[in-house]
Structures are given as structure tokens and as C-alpha cells.
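Working notes, structure below.
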Amino acid sequence: MPGGPEADRLQDRRLAGTTRLIEFNRVAKVYRAVDGRPVRAVDSVSAAIGAGEFVSILGPSGCGKSTLMMMLAGLLSPSEGEIRFKGEPVFGPQEGCGIVFQDAVLFPWRTVLSNVMLPGEVRGLPKAEQERRARAMIRLVGLAGFETKFPHELSGGMQQRVSIARALSLEPSLLVMDEPFGALDAMTREQMNLELQRISLDLGATVVFVTHSIAEAAFLSDRVFVMSGRPSTVREIVDIDIPRPRRIEQMNSDAFGGYVSRLRDLLDHRGEPA
Amino acid sequence: MPGGPEADRLQDRRLAGTTRLIEFNRVAKVYRAVDGRPVRAVDSVSAAIGAGEFVSILGPSGCGKSTLMMMLAGLLSPSEGEIRFKGEPVFGPQEGCGIVFQDAVLFPWRTVLSNVMLPGEVRGLPKAEQERRARAMIRLVGLAGFETKFPHELSGGMQQRVSIARALSLEPSLLVMDEPFGALDAMTREQMNLELQRISLDLGATVVFVTHSIAEAAFLSDRVFVMSGRPSTVREIVDIDIPRPRRIEQMNSDAFGGYVSRLRDLLDHRGEPA
Amino acid sequence: FEKVVIQNGSPVPAAAYVDYYVAQEAGFFAEEGLDVAVRYAQGAPQAAQITASGGADLGQFAFEPYLYGYAQGMRGKFIFNYSNHNIFFMAVPVDSPARSVADLAGKTIGVSNMGSGSLIVARSMLRAAGLKSDPSVFLPVGVGDSALQALKSGKVQALSLWDGGYAALERAGVKLRYLHHPRIGFIGSDGLFVADSAYDRVKDRAVGILRALVKARIFMRENPEAALRIYWKANPASRQGATDADALRTGMAELSFMMNLGDETPIDQIGRFDLDKLTNYLAVMKEEGVLTSDLSAKALATNELMDRVGPIDAQAVRAKARGWK
Amino acid sequence: MKASATTQELRPWRPVFTTPRGLPAIICTIVALALWQASVALFDVPAYVIPAPATVAARIYEDLVSGLILPHFWITFVEVIVGFAMAVVLGMGLGVTIGLSPAIDRAIYPLLLAFQTIPKVAIAPLLIIWFGYGLHSKAVMAALIAFFPILVNVIAGLRTTDQRRLLLMKSLRARPLQVFTKVRLPGMLPYLFAGLEVGIVFALIGAIVGEFVGSSVGLGSLIIQRQAVIDVAGVFSVLAYLSVMGLLLSLAVKLIASRTAFWERPPETTNR
Amino acid sequence: MKASATTQELRPWRPVFTTPRGLPAIICTIVALALWQASVALFDVPAYVIPAPATVAARIYEDLVSGLILPHFWITFVEVIVGFAMAVVLGMGLGVTIGLSPAIDRAIYPLLLAFQTIPKVAIAPLLIIWFGYGLHSKAVMAALIAFFPILVNVIAGLRTTDQRRLLLMKSLRARPLQVFTKVRLPGMLPYLFAGLEVGIVFALIGAIVGEFVGSSVGLGSLIIQRQAVIDVAGVFSVLAYLSVMGLLLSLAVKLIASRTAFWERPPETTNR
């Protein structure tokens, strides 16, 4: 098991030179449980994420990725340790943070358009501006023509895309995405990957991204955090030293293949199955 | 666009010789919509599935795969056309049909164990038998130790696995699975693929399987239905002529690679994006 | 017009208040420059509470609640004697073997509810006849149809209600024989009340009210049918009968039952209290434990404001009554 | 599973009850009336206990054409509307306050409950002294009886708010008022409407009971007046008008509910 | 968002109100009593309208030690329990029948509604004639008033049943009774409990109102008797016992609710 002062230093070293946006200091999360047997979901994670970085998180099902994301977004408090944002302890969600939850979390009483307009509405943007942004995002995720539909009238993948459009609508500087493309077909997913890459670079946004697709993680990320099984920690961090933006064709390159098999190996050698 | 008598014959020919379990006759589904603009989700699908066959369905997001599955399972009635099961028109769900919905659909007031025991309970199996089967299935999907947890205490992927365990618990002769492995990591997914292959062959079960993973479809299936964009139909049927069971290593074979790229091409050339 | 609010103890308009409706309709209140609002309440105790605490200028209710309230600091006086019978008395079916209270030994007596003022009078009557008077003798049977049903089904053998309650039964065709209290059965025990704290403020207007009420009595004696029609207007529900003649017949029966139409009290005595009789009444109330302190008749009621009513032009009132249509 | 269920186009599972579709209700009512008439005849029920429906029907007609019922109906209607409006404000206001704050809940819910158990008739003099006579005291009585179901349902509705939606709003740094209007309120609407449905009927009862306590106009007063003269058919006639008012008001609430909480209508992917 | 909210271990958002945690309620009650005492003194409210809390307290104590209150309390308690039990059976039975069948809904809901708008006090005499002078008529009165909130909430709860769970059950070819016990019933519990919470309080009011009319024992009858003799402190003392009963019963319902519908407790992943 990693963790301990040695691991701490390991993480720190990797980020030398860039601005630290988010820092995890021996963060752990224990969930109380109805059956009285608490679950230690995340155990002593120490890591840092730089501003503008694209970080993917890979790990077995149930290892604590979503838990980590929620803590990172300031929506869940760690049981132990501390999370810092721009050096300050995190006490709640950050300004300009867009979130895609693992399930879509749409509002059934709102149309697609109105769901995507929600963040603008909350921020108090002018109506026309809200609608302009929302329509653009809906087009981006391939749902033009479905603006007036309600969530229950959409397919699973379409619902997920609505929640992506919503997260992007305010041009966030921090994007936290929990398996956003899990319910999409390969083609749509590829398009969405390219769009996400473009947007994140255009905005200079920091992205923390959970995925189960090794290729996707390698394609999109500056760094990939590989998590161990529960009680999990960040087992290894893999730098993908290919300059971004990347083109789909590059996925066939040897360098890329190397990263993918490296990540696959790391995942294969994880501890206990979840 | 396919469809029409010619296409009908096309489908029919392919199944000559095997027992027809399920037949689609120019099946279409139009959803009424709150905004008054009905959606033609599925348009004139004609196809047949043989007993014991493993059929995967590939198609862009929102093309009507889930709709097709629901109709096939007897949970949704077609707007046009007819579905036959063993030659009889379908008027409701079949006996011995296990279903995995796109979302887990767990009962929040039941523990994991109790959720998985539900089908046995409904069928009226003896309690001990119910529990034995349920525990075996929970172990199979890698959730041993989580029997007493409640659904809201599980991660997304774990919830999905509970619903898989539930569908398998009664050793179904027909398995309808809508993206069952979408929220699983690559390793767990691979294991589950192997388990599913083993179980389906052991039981001689007919499996209809929606997935977005082309490799998964090719690996598991006797035939892969590729659907076009909305209003969708089955655009092409690809026979995977590799005897089942298959081993993971075979996925690196040329034959396999050929099927995968064939499927990829078919998907790429689909009509309008969803 | 000066406003006067009169709170009475009945929940809805009733024949017992026909004077008020006549005074209102015939313009006797207006003649006094008064704009009178009659308000209704759940029962006499509530009317007493509201009036005594300043919620109304005057109250129209029975004495008993005031006697109970006196111990709690309720202070005021009755200024108008509304009737010359105690509204509470007992009744048995006409075919009942019971001829007197003594014959009710071992019988059950129906009361409207266990808080009814009729219990006081009934207990006193039973005790005077040497009978048991504990709660087990009484059964709360409500009024109207449920009281009737209780009597008919033999759940109770006698009733102890008030005049208005019997009037309804009479009109429904029930024939009853009445048993009055031997000592206080024919002493009026309700009237118009004014709180001590309001007395000075209200008294001038009260005199106007009293004058109007006396006129109303004169009007009613002269032309009871007109009074009845006025009452019907205030309480349409009370007009019952397939034909006008039917309605008139039952209506007149009710009115005379309630208002002692045959009563020949001289005009200058209408509304005045007989303090000797009241002393008698209070003695019984003391026996029954209603009154716990010494309260004299003079402290309970006063003719002081009746004295200020002065002479009334009875001829003019009668003429008005005769000409009423 | 009947064959017809899957072959024909699916209907929404549970239509909202509307008058034009009221045929079953009418049939049922007629059957009930026939049974009533028959049993009155059969068991020789005295007219002062339950009158025959025919007699009551005649009274209903008479009350209408004589115009007698209208002012009473109107007064009671106004009392109910005013009282119900107060109940909605009170029930939602308190419900939201309590539902959002466990501390306030623990502090005042027991008091409210205690207050609610007090039969309003027992404190009628207080109500009259505080709220005066006339429409106000009746409307207050209606409000006091009707607010409780609204309150309880609002609290229950708030308690079941989807926590993931709250998290989403939190991530958007929404202000509490925004969280309320955009998540909690729409989420609790089905509960609220159940509360309103109970509330409107209890407001009606409240107004009537208020009139029982002391009034010369209104349907409640008319009931007492007719009861006092053992006019049982007349009482039943008033009860019929009361029911009409109740049905109309309840229908109005249901209509508003079905317009507003449309997403609670089950999706099409179902067969029953 | 307060800093403390995220740093400390999270508490479930809305704890169920329990007596041991009743401190805020006690404080609040004391404050209310103090205000009451002060305003009685300040505005010189006569004792026959509102007595001082100290006087009432003395009466409460007296009623208890003299043993006077106990038989009344007990009788009313039994009436409420029996009535409430009938209301639950009636409300759930009718609610389920109506909730599951649109046809029955349209046929009998309007009749039920019409019946519900009838003030029960107006038919109290009938109830006495039908059910006698004893416990039964009061329990029936309690049931008739309490069943409606339960009915409406059951119907609302059934209407919001998760359709996907129904589909799952359908795919398992579950029998209607299984669908009911395994999906609909657990799903509607939060609604049902809201209905029960309102219902238990209304059952109490119903029993009291029933006692007003035809009873010589029970808290309601005691209220009438004390009201008649303007024993206002005595009435308030009874009201206090009534409140205690209401609080106890309502607490019992809430406890059962929180034990049963535990999954409605919000998950831990939230900060408020």
C-alpha cells in the first residue's frame, strides 16, 4: 500500500513548477453505514492538481472515485485530512466549478433547454444570454431539436448529454466529471472527447475526469491517477507526455499504445477486487 | 433506408435452420410527447432471434435500442407491427425472462441481498433457496461482503452489478440486458463478460444485449444488430462466425479484429447523428 | 345611528328572540337612533364570557352562567326580565304513566349534553321529590331528532330541555306533558345583561333598547301573526308547512309556547324584575351549588334602567301592529 | 395482464378525475340514492331520522328556485376561500420554516401539534374576542382546521427532497431561496397538492363549524336552524349544497395540481 | 455555506423529532407560557376568558392527583385508538382501491368527497342513533374525520409510484398483490405516514367532537361540563391533557414512521 510521507513527497515532486490549484493532504473518507459496519471508501490520498491540468482518474468499480470527486468539488467533507484549493482549505463548492455527476441529476419538471439554462439562472445572467449559451451547448452535445423535451422523454445517453451541456454552460474554470461519457456510443464519445479537449484548452480549465476507458483517459489527460481497490488511494500517477491538443489519429501511435498498456498493467495489478 | 419486403427476406434468410424464438414484424414505436411533437423512435424493424442465440445491439445514442428492448421484453407495446415469441404474439413479459434495465432500478428499502432475492420471492421459491441463489449471484458480480448494504450506500458500478445479479438469479432462459456493463471498469467488465458467456452457454439462454462497446459486442455475440440513427431500424446484421465460448486471447486474433473494424465502419456510416 | 352590539347565547336565530326581530323590522330600534347588531354564540356561557369581557355591549342569556361566572370575577347586571317562566323544565310523553317528578324514580332523563343548564333545574326538581340526582340518572341525547329517537326507543323516559327545544318537538307532532320546578318554574331566569365595566358607557343606549323591546312586546300582543311573519323573515328555516295556513298554525303554536302570548303583564311591568321572586330563585341556586357566594337579587338584577324608559305610546304601537302587512 | 393492455395504444395510468368523465360517479350516485330510498321504505325509517331521497330532492329544488340557498351558499363560499387562502399561507409558511430547520422543528412543532389537538369549538369565545364576529372568525376557524394537513404534507414533501439535486444546486452556489424555488418547491408539489386536497375539504368543514358556533347566515347556520326545528329534509338539502361546494373546490385544486405537477404523470413506457 | 458545515462529520439533514431531544420545544413552551402569563397580567384579561397559566397549572396538577382526569383520559384514548384503527383500515382500503383503479376512482371518489364535506357534527345525532351512546359512536366519528387525510395521501402516494419498479415487477410476472406489497406500499409510505400524522390528530378531534354531543365521560364531555360552569381554568386543564394525548399519539406515529421508511433519510453525501 502506498501512502505515508514517502508517497507524499512523490506527489509533490511531480507538480514542481506549475501552479497548484488543488491539493489533497492525506484525505480519507469513512462512510457510516446503516448495517453498522462503516466503509472506509478512500484512504489517505495525497496529491496535487495544477491549474489548467487535465487529470483523469482510473480505478476499479467501487474504489472511491466518485467519493474523491465529491470531496474535491466541496460537496462532501473528508473524514480525515484536508483538501486545499489555491492554498485555502475547502469549505464548500468553488466559484466557476462545473460538475457532471455519475447519474444525470436532471430536473424532471424542466425541459432540456431549461435544465441547461439552470446554472445561468442561478448566477443571474440575462435571460437571452442564458438561452444563447444553453442552445449552443445543446447543439454541441448533439441534442439540437430536443430543447422542448422533458428528461423522461430522453434516452439514457441523451440525459447524460444534457447534464454535460449543463456543466459546460457557464464556461467553468474547474470541471469535475464523473464518467460523463459512460452511456455514449463509441462515435458520439469520440466526438465528445474532441469537444471536451477543445473546450478545456480554450477555457484554460482544469478538468478532473473519471472514466473507465483507459484509451479515453490516455487520450485526454496530462496525467492519469490510477487508484487501487478499496480502501483506495492513488496508487500511481502516469504522465502522458504528448502535447495537447491531440488528434484522434495519434491514438494509433506507439507512444500512445505504450501509455495505454502501462495503464492497463497498473489496473490489472490492483489489490483486492472491489 | 432499409426496411420493406426486401429487407424482411434478408432477415428471414439468416435464421433459416434454427428455432425462431423472437420475431419482429415491421415493428415501430412512436412516442407521444409533452410538447406535442411525437417522436418516431423505432421505424419498421423486422428481425428474428433464435433460441439460445446471443444477439448484441449496437447503435448511436438515442436511436431506440432501449425502446426495442422494452418491446421485446413485453413491457412496451409497439405502435405498429407485431412481435412474436415462439410464434405467438407478445402480450406481456415472458416466463423466465431476466431483465437488466439501463439504470439499476433497485429498491431503496431493500438491502443488496434482499434486492437480489426479489425474483425468487416473487416466484415463491423457498426462502433458503432464494438466499442461496442470491448469495451466489452476489459473489459472482464481486459484491460479496456488501449483502447487508442498502443501494444508496453503493457506488454507481456496484448498483449496476446488483441489478445484474438480480437478473441472473433465476437462471433465465431469456436475458434482456440494456448496457449492463456501462459503469464498470475494464477489468471488472472483462470478468463479467466471461461470466456472462459461461452462464448463457450453461443455461442455453437466449441473450439480447445492448452495448456501446464494439469489442464487447463482437466478443460475446453470435450476431450483432447494427442500428441506424433515429427513426431507426436494424441497418445491418453481422454474424460473428467464431465458435462460442471464446477466450479473451482470441480478441487479439485477426478474424476478431476484422469483425470489430467491420462493425466500426457500419456505425461510422450511420445516417444523421442522434 | 349609534351602534349597539347584542350578544345572545343561541347559535342561530330562534323564536325566543322574536322581540329583537320585531323591534328591528318595525323600526323601534331606529326610533331610538340605534343600529342594533344581534350576534350569536355557541351557548349562554360563551355569550356571558364575551359580554362580560367587553366583546359586546349587551348580552341576552340565562342567569346560570353568570352565577357560575360570578365566582370568577364576572360582574354585571341583568337589566331586562325577558320572560316569566324558567326556560328549563322537564317533559314526559303524554301517554307516560308519570304524572309528577316523584314518578320518575329509577327512570333515565335525557338532557341535551352534560353541560346543559337544564341539569341544574332537573337536579333540583329530583331532589325536591326525594329522588336520586347523580349523573347516572341523565343521558346526553342531544336535541331534536336524536332526543326524540331516545325517547321513542325507550333509552330515556323523560326529557329535560328548554322551552325552545320542546317547541321543535311539539311542532314535529310529539305530544308531551310538562313538569315545572315547584318553586322557580315560573320565575324568569334570563334577560338582557350589561357588564359593570360597560354600564356607564352603554346605559343610555340600553334604555333605548329596552324601550324598543317593550314596544315589540306590545306589537306582538296586538298582532302576533305579523310578529310571526317577521320572525320567519329572520329565520326562514322556521317556516314550516305545505300551505300558508299550515305554516301559520304551527308557527302560532310555537310562538305562543315560547312567548307566553296569553300573558297579561301590564305594559308598565314588562321587562321589570320582581326582586322577591329572584331572591327565591337565588336560594335554589345556592342549594344547587351554582352560587357559592352571597349574591343578592339587587346585585343580580336592576330595574334602574327600566325606570328610565318612561311612558310609551302604546296606541301608536298597536296601530302600527294592526296596519302591518 | 389482459391482452388489450399491450396491444392498444397506452393511456396514462391514472387520469385526473374530471366532470365530463363523471359517468361512473353519476351511476354510482344513482345506485346509492336508490338504495337509500329503498331502505327508507323497507325499514320504515321515520322521516325525522332520515328522510326519503325524493323528499330531499324536492327540498333541494325548492331551496334553489326560492333563491333561499344562494346568499347562504355565497357567504360560506367566501369564508371557505378566505380561510383556505390563510391556511395555505400559514401551512406553507410554517411548513417551509419547519421543514428547512430541524431546530425550529423541534422548538415549535410540538406547540403546533398541541394547538392542533385543541378542539376549536372549545376556544370559540377566544376566537370571537380576537377576530371579531362575522366572516373573519369563520374564516379563521376554517384556516385553523385546514392548515394542519397542508403543514404536515409540506414538511413530509421537504423531507423527501432529492439530495442529489440539492448537491447540484450547492455546486452552483445557489442561494437558499433559489434552492427552495427551483428544487424543494417543485419537488414537494405532489405532497403539497395532497395537503391542499385535504385542506380545502377541511376548510369547508371549518367554516361550517365556525357558523355552528354562532351565525345567522351561511350553510352551517342554516343546518343548525333547520336542525332546531327538526326539518331533517331541509338539513339534507343543505348538506347536498355543501357537497356541491366541496366537489367544486376540490375539483379546482385537482385541476391546478394536474396542470402544475405534470411530470408526476407516469411515463409512457408502462402498461397499466 | 458555513465553514463548520463541511469540516465536521455530517449529520443526517433532518432528524426525526424525539422527546429526549425536546429541549428547544421545552424552551419554546416556557417562553410561550411566560408570554401568556405576562399578557394576562398586562392586558388585565379576565380569568373567565383566559386564566393565568399558573392557575391552569394548579388545575392540571389537581386533576391529576385527585384522579379525576384518568377515567376521562382513558375513555377518550380508547375512542381515539379504535377510531384511528378504523380510519387506517378505511383510508388505506379505499385509498388502495381508488388509487389502483381509475374507474373506481371516478365512480366513488366524488361520493366520498361529498360525504367528507358533510360536517360530522351535523350527523352526530344519526351516529348516536346508529351506533349507540357508548364508545362506538365516538370512535366512528373519529374514524370518519381521520380517514380522509389518510385516503388522499394513499392515493397521492400510489400515483407517484416509480414506474420503472412497476416495470421490473411486471417483467417478473408478479401478481397484483405482490406488486402492491413489494413496490407500491413501500413507495407510498412517506405519503402514508404524512396522512397518518394528520389522521391521528383528526381522530382525536373527532372523538372529542363526538363526546360533545352524546357523552358523559371523556375529555370532550368534561370540556362541555366545565365550559357550562365557566370553569375556564378547568377547560384549559383538559385541553392540556388533550394536547399531551395528541403529542404522545403523534410521536408514536412518527417513531413508527422513522423506523419503517428509513431509506427516506437523506444519504450522507450532503452538507445541509
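Note that the chains are named A, B, C, D and E in the order they appear, and that numbering of residues resets to 1 at the start of each chain.
Basically, a residue touches a chain if its C-beta (ideal position, glycine included) is under 8 Å from a C-beta of that chain, and two chains touch if they have at least 3 such contacts.
Because the structure is a prediction, the values reported are computed rather than measured.
> State the pair with the higher C-beta contact count; candidates are B-E and C-E.
Output for the comparison: C-E.
> Would you identify the chain whose Cα-based centre sits farthest away from the centre of subunit B?
Following the centroid criterion, the farthest chain would be C.
> Measuring centre to centre with CA averages, how many angstrom lie between subunit A and subunit C?
Chain centres of subunit A and subunit C, defined by C-alpha means, are spaced 84 Å apart.
> Where the CA atoms of subunit C average out and where those of subunit E average out, how many Å apart are those spots?
For subunit C versus subunit E, the centre distance works out to 40 Å.
> How many Å are there between the centre of subunit A and the centre of subunit D, using C-alpha atoms for each centre?
The answer is 49 Å.
> So which stretches of subunit A touch two or more other chains?
Residue numbers touching two or more other chains: 31, 34, 70, 74-75, 92-93, 103, 150, 153.
> Which residues belonging to subunit C are in contact with no fewer than two other chains?
46, 49, 53, 144-145, 149
> Mind pulling the residue numbers of subunit E that touch at least two other chains?
1, 49, 126, 129, 167, 170, 212, 227, 262, 267, 269-271
> Quick check on the complex: what are the subunit D residues that touch subunit A?
Listed in rising order, the residues of subunit D that touch subunit A are 164-165, 167-175, 178, 182-183, 186, 261-263, 267.
> Using the touch rule from the top, collect the residues of subunit E that touch subunit D in their complex.
Within the complex, subunit E contacts subunit D at residues 1, 13-15, 17, 21-25, 27-29, 32, 49-50, 99, 102-111, 113-122, 126, 129, 148-149, 152-153, 155-156, 158-161, 163, 166-167, 170, 190-191, 193-195, 197-198, 201, 204-205, 208-209, 212, 220, 223, 227, 235, 239, 242-243, 245-247, 250, 264, 266-267, 269-272.
> Quick one: in the complex, what on subunit E touches subunit C?
Interface residues on subunit E, with respect to subunit C: 45-49, 124-126, 128-129, 133, 212-216, 221, 224-232.
> Where on subunit B is subunit A touching in the complex?
Subunit B residues touching subunit A: 31, 33-35, 37, 39, 58-62, 64-66, 102-103, 111, 142, 148-150, 153-158, 161, 179, 182-189, 212-214, 264, 267-268, 270, 273-274.
> State the interface residues of subunit C toward subunit E in the complex, per the touch definition above.
Residues 43, 45-46, 48-49, 52-53, 65, 68-69, 72-74, 113-117, 135, 138-142, 144-146, 149, 155, 290.
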